[in-house]
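Two complexes are shown next, each including subunit A; its partner changes from subunit B in the first to subunit C in the second.
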Partner chain A sequence: MTYIAKPRVSHPGLPKNELGLTSRDYEGAVSTLCAGCGHDSVTAAIIQAVFELNVEPHMLAKMSGIGCSSKTPAYFVSQSHGFNSVHGRMPSVTTGANAGNRDLMYIGVSGDGDSLSIGVGQFVHAIRRNLNMCYVIENNGVYGLTKGQFSASADIGSLPKKGMPNQQEPIDPVSTALSLGATYIARSFSGDKEQLVPLLKGALLHSGFSLVDIISPCVTFNDHEGSTKSYAHTREFYHHVVNIDYVHPSEEIKAAYAEGEAMPIHLHGGDTIVLRKVDEGYDPTSRASAFKFLRDRFNAGEITTGLLYVNESREEMHELMHNADTPLSKLKFEDLNPGAAELEKLQRRFR
Partner chain B sequence: MKPTDTSNPDYFHKVVDCQWGCPAHTDVPAYIRMIAQGRFSDAYMENRKSNVFPGILGRVCDRPCEPACRRGRVEEKPVAICRLKRVAADHRDDIRDRLPRAPDNSNGKKIALIGAGCASLTVANDLRPLGYDVTIFEALDTTGGLMRTNIPQFRLPPKVLDEEIDYILDMGVDLKLNHRIESLKALLDDGFDAVFVGTGAPRGKNLEIPGRYDSDRIHIGIDWLESIAFEHTKSVGKNVLIIGVGNTAMDCCRSSLRLGAENVKVMARKPRGFFKASDWELQDAEEEEVEILVNHSPREFVIEDGKLVGMRFELMEYNVDEKGRIDRGTVTGEKFIPCDDVVLAIGQDNAFPWIERNIGIEFNEWDCPVVDETTMMCTRKGVFFGGDSAFGPKNIIWAVEHGHQAAISIHKHCHDKDIEDRLPMGLNLASQKMGMHEWSFSNDYNPAARRLMPHVDLKQRFKKLNIEVELGFTVEQTIEEVERCLNCDMQTVFTEKLCIECDACVDICPVNCLTITDNGEESELRTRLSAPADNHEQTLYVSAGLPQTSRVMVKDEDLCVHCSLCAERCPTGAWDMQKSTILIPYASDEASDEQPTTAAGGSGA
Partner chain C sequence: MAAVNDVVIKIATVNGTGSASANGLLRKSIFRMGVPVVGKNYFPSNIQGLPTWYEIRVTGDGYHARSNRVDVMVAMNAQTYARDMAEVVPGGWLIYDSTWPRSALLNRDDISVIGIPLSRMCNERFDGARARILMKNIAYVGAIAALLDIDLDVITALLEETFAAKEHLIASNMEAIRLGHDYAREHFACPLPVHVERMDATKGHIVIDGNTAAGLGCVYAGATVGAWYPITPSTSLMDAFRTYCSKYRVDPETEKRTYCIIQAEDELAAIGMVLGANWVGARSFTPTSGPGISLMSEFIGFAYYAEIPAVIFNVQRTGPSTGMPTRTQQCDIVSCAYASHGDTMHVLLFPADPAECFYMAPLAFDLSERLQTPIMVLSDLDIGMNDWMVPELEWDENYVPDRGKVLGAEELEQMDKFYRYLDVDGDGITYRTLPGEHPKGAYFTRGSGHSKLGGYTEDSDEYQEVVDRLLVKWETARNMVPEAEIRYSKFNKAAILTYGSGDGACKEALDRLEARNIGLNYCRVKAFPFTEAVRSFIEQHEVVYVVEQNRDAQFRTLLINDIDADQNKLVPLLHYNGMPINAGFVVEKVLEEIAKGRAA
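Showing the complex of A and B:
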């Protein structure tokens, strides 16, 4: 928590995006999280990503539940829409919002507690629906807000600040999402913005559900020796397998991506991401091999990061349901509510 | 890059842009905080320590600190440093009992100071408290040099001058007025242990063009201003041309208006942007409706029937290249401009007709003595120069700094010590953390714009020659302006072994000063920072390799607003805010043979 607000004064040479905005224009209120919390770095990465994507603030909706992580939407893009829901219920609220207005860009920010404990059912079904959203888990292995109890992502043997090591099997959001058929799955680290910002950009543009699981150390309750979610531990066991670069529709894909070495993936909106393998043994387009790789590396104590799985061919929720292109919120009342006679006609079809 | 060596006092000194830019290194942020606390006398004394004449300089200093001020890089206008100095002076109590005092007994050394301008007075100020017998020889019947004879009273009231000069003379200086030194040789024979020459640059430049000697209405600027100061000149014609557009010209045109001129034109040879006068002096003159005509090069004085009727000018055109350099220009025409008086304000020269050329004092190609820039000694041992006499016309604050350095040399010379072996500057650093989110200083950025000096009404001010135009800041203005200071002496100090590379500081910095990245050569590193780092005059603060990744923390000092947020957001205290105090040695420190340790500035606010 900081008492003075971050002053509005800024570097006069700050770059501007296509809307004439600087990254400072995408900031929110000053953070009330502990100094050094990984979540604040994720906030900074989100700001950078939406700035670079020229997102119009009023076309963004920030959704969250409860937790330190879930507080963070207050700290970015003040001029966007937002909903801070009940603990673990962000996915349903986002489903509703998205159903009503499919034109907005949805970013949900959740925690490992919010998504993998109380909200795990919600999380799972959002994936199943292939809800078009970017789902960020700020994963610190604990319930930060309630003073550091182990969460469902804590690894076996990980030590709390005081007390006994965790003995329960962790839920890995990445493998979970992979098994449920999510179409954009990434893992990153709050302390590596070079990797994180492009992953977030890809996730925001991806059509369908995209998960970005971010190791985001809780500096107060889970950054000590013996913790497997500390800054030092994450850095030591970090294994980066697939790098991505975001390519703006107006840019040509650079010649530097020699054949075979780089894999361009065209996103629905016309943007492109270019994948580059850092670890030759990894194939981010095969669910089966990704699953095995992740298990093996996990058992070896490594934290696999990068864009771990991507599949642009699956339809997202509205497409699956053959919904109107126009957001429901923008349809005229008569079109939304054609009257009792029309309803009767419709019901007759299903009798 | 190598890790930055912050143990060299120059490193943090340079971050305090104003103090670094001030020739006398006045601790500006320290005195501004004192003003913020209402400690006007303390602020005055803090100033006096380095610049000796706060009341005078608070009005007329050339203020090299202001263009240097960081605030001017972050937004448009620097802090009104000079105006705040005047606030300290205007609102101080009687501080006479806090002044240095001369000891009861002399140390037996006799020093002669030639000229009673600010340079000599500073030497006296520094040496009297050490027991030196100081004699000042002054040609005129009054003290102050150009500060009294040339700076007009509507900018610098005599009362202010008298008070601050008396502080020095009251330490017991033997002042010999109306005592022009005609021969340095003779003075040297009088048995002084050291001689200081503070005689200024007393000769106004002439303009040798046709008609120059055919009228008595053509005046040399600095002589003319002096004759106004001494009330020998009490009037001037209705139409006056001032030749030249430096600060002297500004004083001449504004003085003309007060002597009855109705139509005053300042004739500039070059276009705007190439004027020598400071912006604020130009503004003040233009506010008084003085007209500045550019691209007019004087050709001749036009005399009819033995009477000056005007001047003829060549109209010029110039080319300016991409680097902003101007060529010599081409003549495109001619113009006659009628006038009753002409004042030449085109510069000053040094003149030493009274220094014999066979007494071991070497003169250079411009007929100026060869003077060492550190010791202020000329090629004859025991003879020192300072102020305008040393390296040509500069300003008061440079003269003061020369005086301080000459005093150190004189002290060493008189005690047979090596004058080159001087105490170095020192550095004190003290953490300013008072609590979780509390600092000893006000760290919140005040976005207020620079306050404007209130002036006496345009009609009122011309009624008499000595109505001070600037009224001084009001309380409200002062309260706002002190908060504009960024406290650049509150240094960000980094301890790499504590850093866990959480990026909190990098993310919070409002001006994107900070980056954690792989090390590299400076020019290449500058291209990889959080924000453009194009100001190469400002340093990069580079850490050693960080514990977890061996990357380095890089801070571009250029735009840091010293808000402390990096230190507040740092979970480990790797960044801390520490007040730097630059310890500047004076003659008294050399005398006590100790590095100065007292931070009279203190922290606070």
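Showing the complex of A and C:
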């Protein structure tokens, strides 16, 4: 956690968004992560995404658990409420917060330890509920704060700095989310901001559970030769299949997107994302083919990235439960309390 | 043996055979005759096939506890026949299904045996295995009605209400009642010397269980988010919340709901959801039992330190571990008071009956939002799942929920800067803000070390300043929690102190002791931390019998720990076999202590 205040000096010529805010207004405290940490690049991408989406800072809620990744909500949008909960429990807190106020935009930042080991139960159940949130996993294959133990996402054969290679099957958050019916699933790399920012924008705007699994190398404990989560390894085996562009509601969708290579997807809130296939063999709207493709490429040693699955038709948690449109936290007490006369009446059956 | 309106009827059946509705009919009929009743369910942790008992205490004196005797046993379960018969008080009665012969080996010459061929009669009159089983239950109600002189018109009226929508069932049920009733009348002298006579002592009262009352209380408190993981004996609390929400919280036109019930994946998630919802300003709660508290402890400590409201109903059951999930105890006192690692203390409320479960629901929400901390309502299986006669519940239309110190958008707009953990009023309670209100209200909620300004800290002084301020808040809580119920008898140096479901047995014991010229003073504590009145009550006495339902005198430990009570004065009287405490136990233990020289 940081306790270093960031100087508030900004260039007068900085571009402003529709709210009149500059990207500096979306920054947070100074990061205390290691120099070169992939997570800081993700933080920068989140700042850019919410700035460009014109998100009102106080309408964003930043949720996290415990670990290096979970510290990062302190490093972006300091004008938003943040909730740094306990290890592996960010999804439940976000579920409750969203249940209480559905109007906020929820971004949860987690790591592979936080989401795939101690918090794997909460991770999968948030997906099952199709909780309307953007769930970011900063995935580096190791525990950083406790100094380099393997996490559940470490690949078989990946080498630690010291000791034996990992022999256990990794848990892949993307295929896990796919099997559980998550409605927006992306994978990216902290070193590819160009791909990551639009993926985050789509994830933030998507109605329902969106997962953005981001390979985010740990420079201190997992960036050496023999690690499958290093910068070098990720760059070498990184394979884009579908990139996306975010289209502002005011923009017209250009006719130039020829069928078969580009596909506009209309989001609930009125925004549009356009999918651009890089690999023609990939269909991001089919769970079955996505599964097979991901498995095949994984076996070939590739890291498949991009928007890997999207389904805009499934209802999110509140819609599934027929909950009021007004956030429950905003309802007036008078509208919630049945009153004295009704209490008198309902007790007849207890006599 | 002869008594009017002072009789205990125990019905032994097999669970899953539909006897609950027959037993309810019997209990309600007596209540409708104006006679106070207590209904206790002793059931197995099982779905079908194991022994279960329902005990109805007819108590003209209006006592609340169970009685430690059985006058009339209805032995419908061959599996438990021997022990059921053994339990009948000398001079009592045993009713059994005489369709099948009784074992000649099992007999007692000090009780009267009443054989009624319930199965045979029902098999002759009804078709289908299920109907025959259900009607056999109704038939024993008819037999008891004859033997105890319960008004058939009252039973008829109840059946008509119950089956208003299924009229054909009224006739068949009445027929079954008649079968049992007429047989008993023809073959035995009715009524028995112990029986029921009309009174006028139930007007203005209802019979309700604590979980139903607590669930209803949450609806009235304006709770909107309920998160839970099913666990006996708390499950029916959320069932009740759901029932009343579906009645009062669904828009008739749009069918949209102004409540959200989430069945969590486990208790760790349930409490996380409660914290999240309260953090955004929705009143949110979770019902659970002991094992759930163990799992929730990490988050409870988080909520204590990050200062997030939460309401937890702990319907206690017999521990440790899985223990006896369908038996009662007050065994989570210490684990709740100090739940979680580090220096943590939590405000506890102790309802004594279902009515207090109802009233303590809005109180718990008020306290949790005012104090910005978890509040645990410590009910138990006896209160939560048994049938208690209590005064009709009332709602004060002037009630305004206390949402505590929450800054809104306008106040924030006018502030220079907001700091989350700054105590500006000296009561240890700081202002909070809700997400979505105003950018100036933003702060970072964290369980890691933080300063009064809300920032992360590893600085000793900054850390200590915050945890010391929480002690100031603790003293504020002490002045806000409900006052103990204190009763003085004649001049006396000895007293009974209890809490929660110990109340009924203790009050009855006080009457019985009084009849022996032993007048004890009484203190029934309603909350932790302990108030000044509790402290001075103990100070005033030479001996205080602390009556509780656990092995380790946990409440006594709290008294010593929280208010430095003199442990030599505090004599533990402990009842922890899983059955609800009864007055006989308290009387016996007090007399033993007196005999030992701790004179009253």
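Keep in mind that, in the parts below, the second predicted complex is superposed on the first by the 328 of 351 C-alpha atoms of A that agree within 3 Å, B and C clash if a C-alpha of one lies under 4 Å from a C-alpha of the other, contacts with A are read in each partner's own complex, and residues count from 1 in each chain.
What we mean here is this: a residue touches a chain if its C-beta (ideal position, glycine included) is under 8 Å from a C-beta of that chain, and two chains touch if they have at least 3 such contacts.
In this text, all values refer to a predicted model and were calculated from it rather than measured experimentally.
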item	value
Touching partner for A:80 - first (subunit B), second (subunit C), both, neither	second
Partner chain in contact with A:300 - subunit B first, subunit C second, else both or neither	neither
Subunit A residues touched - subunit C or subunit B, whichever exceeds	C
First (subunit B), second (subunit C), both or neither touched by A:193	first
Which of subunit B and subunit C A:95 touches, first, second, both or neither	second
First, second, both or neither for A:320, with subunit B first and subunit C second	neither
Touching partner for A:10 - first (subunit B), second (subunit C), both, neither	first
Partner chain in contact with A:19 - subunit B first, subunit C second, else both or neither	neither
A:235 touches, of subunit B and subunit C: first, second, both or neither?	first
Contact residues of subunit A, present in both the subunit B and the subunit C interface	1-3
Of all residues in subunit A, those that touch subunit B in their complex	1-14, 24, 34-38, 40-41, 43-44, 190-191, 193, 217, 219, 223, 231-232, 235
Subunit A residues touching subunit C - in the complex, by the definition given at the top	1-3, 56-59, 61, 73-74, 78-86, 89, 91-101, 103-104, 121-122, 125, 129, 318, 321-325, 327-329, 331, 333, 335-340, 342-344, 346-347, 350-351
Residues of subunit B that touch subunit A when the two form their complex	73-75, 437-438, 443-445, 447, 500-504, 506-508, 510-512, 531-532, 534, 548-549, 559, 561, 563-565, 568-572
Subunit A contact footprint on subunit C (complex, rising order)	31-32, 202, 205-208, 216, 219-220, 222, 224-225, 227, 244, 247-249, 251, 255-260, 262, 264-266, 268-282, 284, 298-299, 302, 392-397, 399-401, 433-448, 455-457
